[in-house]
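Next, two complexes with subunit A in common: one pairs it with subunit B, the other with subunit C.
After this line comes the complex of A and B, so read on.
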């Protein structure tokens, strides 16, 4: 009996810091959100219970739905560029190149650098008038006129490129780990049977990589839907809302931003938007999960 | 002939990608050595003459000394706190059975996946006001430590590799639970703590939104990322691009040095996270 109390005391001592912190700063904020999404609450004064009004407003909120659309464009663009590029780099680096370790170290480098800091840098170097990107492109005679990288036409492309820059190294490394777990004798016997590099890639590499690739794609989907820090610092969602993504829109409902944003601060409505964005991200992740499981069964 | 051609294309691709990866970093370095006027007119990639004085100016006048200190303070405290909190919890979860264990583990796992964005910052901030911690960096530190679920799962893996017989032998010798953990098990966990600490440090050093929101009315507490981003929004932003670049370098270089020193660890751990 005494031993049991002693063990309980030790468990409590060791677990309570984690439990207290998680409960107070992880779980409580979620409950707070689940409560205030039914309230009209600007952040001061007394909150007013309004039932489902915030969700009715959400359905009609064109700014929000535009931001959802932009999120899909942003995430889709990022995935379409990042995944093939990182897979290609991984396949090339897997072939025991001279200097491969150095290249790997360089490609991975962006993932250790602060997104916020490098976004400030990108904001500067993508400047159309005195930015270094245009300076380099003109020096190489690739363009004759400066490109308006942060203008309405190209802003989305620019923030996607920045996101790709930051992400390729990470997924390259994950793919590389998957590739290195494919046994070598598979390739050797295929080579003896006369299969060329292309066939070996399609018939051995891709199917053997599938389980790892499925996980990598899932991580990539979640990360690309969640990202808004770099957009906040490069375009602030502008110009004219062209790069407004849902988590950035949510941020603007809660905290002030530098440019006079048309979005009014509203914690109650913000809670509803936060809940909706989490549901959207959760649904997409869940759908992808089901789809990839079904594909596994078909094989 | 064909083999040579395809090898050339491959190397060209690899090298251009490497160059594009390095380009923004090289431009940060080059920009940090230009004069303000050079940055304003643009057009050049390299500085006409390296202006090392930019760093002194950023360090003193643009307050980067303070930002660097704040960043270092937050990152070190968060790293130590996260490791301690997560290691103690992971030890009990790995070694013992107790009521509510699966609830605890499920909660930690869902903390990694649920993402409701910036909305959580408001209740977190209100809590810190109640605790009177909103005017210090401890609020930021506690919130960053509270997000320790990935460290927790990482350390569980390392605990599994330490044989249980060791704990038992220590207990038989009369060493209590707490003492066994701190004197015998924790020292054996050093490699795991190093790896997890690296990730916690990187996360804390690079964090932006949380310190931004907490220090909006308190510029003295701003970290490097926040201070730097504020320069970009400032009224004299155009005049200070060269200082912005110097500040960016000051923020990137410490992390880069850590990366060069521990390159293998970063790469193995990131790769390891997928193998499970």
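After this line comes the complex of A and C, so read on.
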């Protein structure tokens, strides 16, 4: 009996830091948000209970729904480019490639570089008036006028490219870890049976990688739907809302001081938007998990 | 194996280097504060009076960086010479000043004295951060600053929280060399002239990457608040879309200005990429001689002296008006506040002693003469010499400048006027409908704010834009 109490005490002691941190940094803010989404609150004075008003406003808030649409374009573009590219790189680097470790380091580097640095660098590369991309294109006589990469027509493409550049190395590394867990004798047996490289990839690599891929794709979906940092720094959601994704829209409601003249914080409405965005991301992730269940079952 | 470690080592070295570059801007604040701490500590060793007692420690927070060397010197002088055994520690914030103040107050670690600006004072008062200073104001101080004690600027609900020091004028900033090259003798007096000049400059300069006009359209509201605001106030209208005569928002005059901006965009007279341009990259391009003109605050001369030194011949001039006629006055902005005392301070008397020292004539006079801001306190304006900064002469307060009554700050549902009008500028649409929609949404937000007691509006049918303070 005494031993059980002692164990319980030890377990509680070891778990307490994570329980306290989860409660303070995860559960408390969540409860705070769930409460304030029913209030009109600007961060001072008494919060005013408004019932479902914030959600009614959300339904007619065209800016929010435009940002949801932009998020799908941004996330879709990022996923479509990032996942195949990172898988391709992982497969290439999984082989015996000269300088493979150095290349892994180089490809992974964007993951650990500050978003602020990445954004500034890409702004100087893509801006219309003296950006390097336009300078190169004009020097090669591929275009006669500078392309407005950060203008209304191309800004989304540009921020997607920046996001892809920043994410490929990360997913490449996760795919690589999955590839290295595939037993080598499977490939050897297949080779003896006469399977070529393409067939080995299709019949061994992809199925064996499926459980890892399921997780990687899920992480990629969540990260793509939630990503906004580089957009905030490069275009601030503009021009004319063309790159305004939903988490950036949410950020501006909660921390509006970053843009020009001051506008009041909208903590109540921001909480409702935060809840809606969480529901959207959660639903998409849940649907994906449901549809991809087979990937986790090796036949 | 060695190659593997070399690869990992190289990657880590570069990554750490780059990650280091992206450090939080607040580091600069900390380092400044650190340096000042050092000086403060040094000074505390030999306080001039009551050396046996520990000194009264005050914290002063500001987000002004342009004047920090001067302010640091003044604080050191105060620490060395004050007879009340007060030591002030300066902290210069860089980004997110308001959020840092919020956090400091919610964690009971607020500074004793704060830098107040027109954009944050009302919010700080509503949040209960500030101590009224009425009890400290002597007759002399009231006489000196009295004309600049204004409702909803530094006085809220009859209580005074700060005093004026400097303000910003707004001007058209233009490159004289480019204007001369395009055969334009004078800066534009009307918006039509501005459109024509921008077109001419672009025609002459485009081959060299020179364009007629630019603004920091990455944040359209910030761009319009430094340009259209001044165009309108000089034309006889309040510059943020508020009609002081009716006490309602009316964006009709605003929409007239937008038409001219749209024409410049369609003409191709605006610097390509201005849609994503921040103010500093814009200034860099202007300093490089690539922009004919833009509109901005009287902080620009200091910027071109220190931040982007330039050889180009440039000047500031009054903003153009709707029809070339001056029917109003150019609004002096960000005037009326400078320092304030925290309601949480345990040493409010000492905080006032420091504040009074900072508001001394000599400090305010030198502040103006060094070009950190344009003095608006009449007694200082009388005795101070002109700042010796290239370009400042065009920004000095003159016969066409004045303070305007404050317009209510409201947050409407949907897009703000900056985003809505910028969208029209780029993508077109029905301008009358956009204006009507803005009027409806801003006036609805105003009604709600009035109902909640957050703002008070008193229509003034007799309001005269040529004499806004009456």
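Assume the second predicted complex is superposed on the first by the 250 of 299 C-alpha atoms of A that agree within 3 Å, B and C clash if a C-alpha of one lies under 4 Å from a C-alpha of the other, contacts with A are read in each partner's own complex, and residues count from 1 in each chain.
The rule we apply is simple: a contact is a pair of C-beta atoms (placed from the backbone, for glycine too) under 8 Å apart; a residue touches a chain by one contact, two chains touch by 3 or more.
Quick caveat: nothing in here was measured; it's all calculated off a predicted structure.
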Combined model on subunit A where subunit B meets subunit C, clash or fit: clash
Partner chain in contact with A:53 - subunit B first, subunit C second, else both or neither: neither
Partner chain(s) touched by A:44 [first = subunit B, second = subunit C, both, neither]: second
Contacts of A:270 with subunit B and subunit C, given as first, second, both or neither: first
Contacts of A:132 with subunit B and subunit C, given as first, second, both or neither: first
Broader residue contact with subunit A after superposition on the shared chain, subunit B or subunit C: B
Which of subunit B and subunit C A:17 touches, first, second, both or neither: first
First (subunit B), second (subunit C), both or neither touched by A:151: second
Partner chain(s) touched by A:27 [first = subunit B, second = subunit C, both, neither]: first
Which of subunit B and subunit C A:235 touches, first, second, both or neither: second
Contacts of A:63 with subunit B and subunit C, given as first, second, both or neither: second
Region of subunit C that runs into subunit B when the structures are aligned on their shared chain, from 39-47, 93-101 or 129-137: 93-101
On subunit A, positions contacted by subunit B and by subunit C: 43, 104-106, 108-109, 112-117, 123, 127, 129-131, 255, 258
Complex contact set, residues of subunit A against subunit C: 43-45, 48, 57, 61-63, 99, 101-102, 104-106, 108-109, 112-117, 123, 127-131, 146, 148, 150-152, 155, 234-236, 238-241, 255, 257-264, 266
In the complex with subunit A, residue positions of subunit C that touch it: 3-4, 6-8, 10-12, 14-15, 18-19, 21-23, 96, 98-99, 102, 119-120, 123, 126-128, 209, 217-223, 225, 271-273, 275-276, 281, 285, 290, 409, 411, 413-416, 418-419, 422-423, 426-427, 452
Residues of subunit B that touch subunit A when the two form their complex: 10, 13-14, 17-18, 20-25, 27-28, 30-31, 39-45, 84-86, 88-89, 91-93, 96, 98, 104, 107-108, 111, 113-124, 127, 142-143, 145-149, 152, 177-178, 181, 202, 205-206, 208-209, 213, 216, 224-226, 228-229, 231-233, 241, 244-245, 248, 251-252, 255-256, 258-259, 263, 266-267, 270-275
Subunit A residues within the subunit B interface of the complex: 7-8, 10-11, 13-15, 17-19, 21-22, 24-30, 32-33, 43, 85, 88-89, 92, 97, 103-118, 120-125, 127, 129-132, 134-136, 139, 165, 168-170, 173-174, 176-178, 180-181, 212, 215-216, 222, 226, 228-229, 233, 246-247, 250-251, 254-256, 258, 267, 270-271, 273-275, 277-278, 281-282, 285
